[in-house]
Structure formats: structure tokens, C-alpha cells
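Worksheet: one structure, shown below.
Just so it is clear, A, B and C label the chains in written order, and each chain counts residues from 1 on its own.
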């Protein structure tokens, strides 16, 4: 069963087409990595999933609901889909626990005690329990991103979206974030990850999607993508990022 | 009691109002030029590393920025004739006329505001630019005049012009010493003919149109001249 | 300087000139603070409306800001005092001119309040708009609705960001309150001028008035620094990334 299903999604900014007839799917428990050069539309594609980016054509079904449908309750849908951003986007005026509690209390209606217990459990899990009372500005990028993952998980999501979670990090902090993501993948979380971390893809991805100029150029099982023949554009891209 | 809007009264007063408008615009332009020149000097003083320069400049700016413009206008109305008598040594000297008193008051008042705008503008030029200029062997004044100030002023043009629009609105306050700027003219006609509603609404309309389009022009300019980084 | 005239009996009213000064300070503070309450309330609402994506909320707010900030405060004072009672329905206008207590005071408060509201609105708008779009996206992604995003993220952060410019608007309102003398409010500057006309102690009384405004500026600055320190976010420097 597909958790997320893209059916011929197209999107324009004015006259510029950023997504061209994109179709793919992510099944329950599947980990899919989306890669491609910058400006290829991969961030736009992932933000369509929870309706942060509207699209003009096609249909997108998430957890059985149509995202583009005007009658769909977007906040309710978003509450079930966790999302992690490139720049962490923790709320700077709230401490770590308050960041994790906010949507639990305001959207799911949990009591503050319930939410705090859940938050502590997750902070413990991402190794940040000692920082529960600090503010985002007092933490490193890697620490902030691990908290952002915990914030997504606190909502008991059915799937997690990662939009370049490591590209704003200093190199020495990338692994602490990837470790959390690998663990999550191995536990069977449904994940859609926009990332250039091919090591992560090799380790836990089931499928890899390669995008260029708004198109899905390649959509293949991991073994096929890293192994045998593939499109010239994907080959060029891979050789570029692997030589860096 | 107000009965009907009398357009005639405005039409009859137009030549007189136009004289007032010329006064307002003249005062604005001269005070702007004087304020920017004096403001630049004050800004350079505030940014220097000598206490004998930073302290008086800082004190002057903070004092003027804490004081209402009307009080400053009153101050200069009182002080300028005294100063003229001191300078000329003639106890019966009649002063230099209300226009110049107002001009001096506005110039010295606006200089404090321009100083802060220009100081921020100079500080917004990356220090690497100054270092690069020094590395080429330029001295302080060469670096300031050739490298820093041109970049700073280019960044500041929109803010300096916006301050000019505020200054234009502020010139209406010369009303308090009875000068006939645009608002003074409108107010005199209003009192004489007993047509306050027409004259004040007309004055508001003229100021609005003038300032709205001037701001629009500044905004347009801002998007055009913002230098690529 | 000789300040002994302050203890002399004033020309009228039975008190001394010092009483006139104190009364001037009182009216300056009253006009300014009441006008600030209006400006802050209306300005905040307008500023928030200008950031929404709903055109029928945004356009009137924009029109208000453009109208009130492009007409000099003096002209607005005159309109509230001389024009508004004339163009209102007859009964209300007559009441404003004859029945309403202290018409010049309330006209000054309204004029200064509505004028400053347009400037507060611009500060609040730019504060909210300086919060990176990713923050709003992250908040929406957790399932919060747009009103909740304003309540828990955009307003708390936006107000922190605009404390410095709002401080400067708050300072400006005390200075601008002197424009109220043009419609007959006997605030500090008006009293200074009147006392100088009666006593010829111009230098002394203008100096005293200037000191009063400097002290108000200092007091407001200290107060706002306290507010800023109180709401400061640990480790937070700016919105730049």
C-alpha cells in the first residue's frame, strides 16, 4: 500500500515550470532518497507532500487523503507527517522542550505533562536529554537538527520528510544526524529524504529517485541505481558528488 | 455650522498657497543640503577614535534627538537674534529675518538625524573595504572619500530622501512662529475667510499627494540603485 | 542662570510658575501615553493585517498606513480639532464642540494616536516579515493552523525583533506631543513659551523644558532596555542565517 502517491504532478512559478509531470510512490515502511542537482525541483516536490507548496496539476494522495483537494484538512494531515528542514527551523524563542511540546499540545490536544513525557523520551533517544532546557541559539547545528527530528517524531507521524537535513551542517556534525536517521529507517519508519548523502542512501534506502530540471529522470531500486546502467544525467551527477 | 464644500475659496487662494509651497520646498531643500553636509561631519566625528571629537558630536546628536522640533524652533527664534547682536556688536541689530532663523533651526535639527543615518551607512560598508584601501597605501581621508563614503552614500540615498520627505512634512511646524509656508498660508486663508474645513482638507490632500508620490519614487529608486553584492 | 522666577506667583491661576511647569509635564505625559495606547493597539492590528495573504484584509490596512503617514501631524491635528466636528452628523459635532470636556486634549490624543499607529504598523509588519519563511513552514508542517502560527511564533518573535524601532517610536510620541500646542493644549513646550513671555527668563525656561524632554527620553530608554532584557532569547542573535 502506498503511503504517498504522486500522480502526474506539475507545478509552475508564473510561466516557469518547476515540476514536470512527476509520478512516483512511497510505500509504507519504505525509505526513498531523492537526489539531483540544485534547482532540480526536489525540495519543491517534497514540500508538495504536506501542502507547503501548492501544485497546479495532478493528484497527490498522502495517507489516503488527497492533498490538492480543497476539502482536505491540511493541518490535520500535516500533523501525521513529520518534516525536517535544511535550516532546522526550531523556534528560537522557545526552549527545546517547548519546541517539542507546542504542536503536541496545540494540535493533538495532549496535556502538557503527557507532551513533556513524550518529549523527554524522544530527546533521550536522539541523545539530547541533557539540553532539554536550553534554547536553540545555544546549540550547535547538529544538535538543533537532532532536536528537529525529535520534534517531528513527537507527533507520532506515519511518515517523515527530510529536506536536505545535513546540507547546512559543518562536516563534523553530519554523522550525528545521519546516525539518528539510519536508526529511524531501520526501525521501519516511512521516509522520504532529499539528500546528497549517498552513503546514507546505500546503507538504508530502498529506492533512489533522481531529479533534474523538474523531471523524475530515474526511479529505481537502490541496487539498480548504484549498480548497472542508468541515465547519462544521473551518471554525471553521481560522479560529480562522489568526487567531492 | 459647516454648509457645503466651497471650492471657490480654494481657487481664489491658489496663488497665495503657491507662494507658501515655494517657501516650504525652499526650506526643505536648503535644510536637507545643510543637514546632510553637517550630518556627515558629525558622523565622521562620532566614528573617529578621538574622545574630543566623539563626545561633543555624540552629545549634540543625543540632545537634539531628545528635543521636540517645535522647542528647537523656539530656541533658535530666541537665540539667533542674540547671536547676531553679539557677532555684529550692534545691540540694535534687527536679526536676520524669520526665514533664516527657521533655516538654521531646521538645518541644525536635521543634521542630528542625518548624522545617525550616515553613521549607519558608513558602518554598513564592510571593514574589508577599509582594510583593502589601507593595504593599497591610501591614508584615512583618501580611504574615506574615495572608497567608503561613495559606497555608503549609494546605500543611503533612499533613506536620505525618505528623511527629506519627513523634513518636508516637518516644515509645516514653522506655523508656530507665524511664518507663511504652505500650511501657514492655508491656515491664514482658513481663518480670514472662515473656511477651515475646505482649507485644511485641501492642505491634507496636497501634502498626501506630494509625499505619497515622492515615497513611491524613492521606493522605485531603491529597487533600481541597490548595488549588486 | 537664575531660576528664582519659578517660585514667583504666576500671572494667572493662583499658583507659581513652577506649578505651570508641572502642569505642562503632566499634559505632555498624558497626551503621549494615551496616544501611545491607541497607536500600539491599532498599529499592531494593522501591521499584522498587512502581513496576511488575504487581500481584503491587507488593502485597507495599507491604505490606512499610506494615508496617515503622508500627511503632516500638524495638519492631522487641525483636521481632528477643526474639521471633524464640522463634518460629523450635526448632533455629534455640536457635542464635540460644546459638550465634550477638553476638546483640544482629546483631539490631540486621537490625532497623535492615529498618526503614530501608521508608523507602528510599519514596524510590526517589517518585524514579522523579517522572520524567515522557513519558520512559518516548519510551524505549519507540525499541523498548526495559520492563526496558531501567528499566536505562537510570528507575534512573539516579531515583537522581540521590533523592540528597538518601537522604542524609537515611543520616544518620538513624547516629542510629537508638543504639536498639540497648536490646538491649545498647554503641554510642556507651550508652558515654556508662555512663561518666557511673562517672565522674559527665556533661556532658563527653555533649558528647563529641554532637560524635561531629555529626562523623559532617558526614562523611556531605561524602561525599554529593561523590557528588552526581560524578553531576550538566550543565544539568539538575529534572524540572519
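Rule of thumb we're sticking to: a contact is a pair of C-beta atoms (placed from the backbone, for glycine too) under 8 Å apart; a residue touches a chain by one contact, two chains touch by 3 or more.
Here the structure is a predicted model, which means the values were calculated and not measured.
Visitor: When the mean CA coordinate of each chain is compared with the mean CA coordinate of the whole protein, which chain is closest?
Guide: Chain closest to the assembly's C-alpha mean: C.
Visitor: By mean C-alpha position, what chain is farthest away from chain A?
Guide: B
Visitor: Averaging only over C-alpha atoms, locate the centres of chain A and chain C and give their separation in whole Å.
Guide: The mean C-alpha positions of chain A and chain C differ by 47 Å.
Visitor: Round to the nearest whole Å and give the separation of the Cα centres of chain B and chain C.
Guide: Each chain reduced to its C-alpha mean, chain B and chain C end up 21 Å apart.
Visitor: What whole-Å value do you get for the distance between chain A and chain B if each is reduced to the mean of its CA atoms?
Guide: That pair's centroid distance is 54 Å.
Visitor: Looking at the complex, which residues from chain C come into contact with chain B?
Guide: Result: residues 66-67, 69-76, 78-79, 82-83, 86-87, 90, 93, 171, 174-179, 181-182, 189, 192-193, 196, 202-203, 206, 209-210, 213-214, 216-217 of chain C touch chain B.
Visitor: Residue numbers of chain B touching chain C in their complex, please.
Guide: 1-2, 63, 65-71, 74-75, 78, 169-170, 172-173, 175-176, 183, 187, 190, 196-197, 200-201, 203-204, 207-208, 211-212, 215
Visitor: Taking the complex as given, what residues does chain C use to touch chain A?
Guide: Checking each residue of chain C against chain A gives 132, 134-135, 137-145, 148, 152-153, 156-157, 160, 233-237, 241.
Visitor: In the complex formed with chain C, which residues of chain A make contact?
Guide: Touching chain C: residues 47, 50, 52, 75-83, 85-87, 89-93, 102-103, 106-108, 134-139, 148, 151-152, 155, 161, 168 of chain A.
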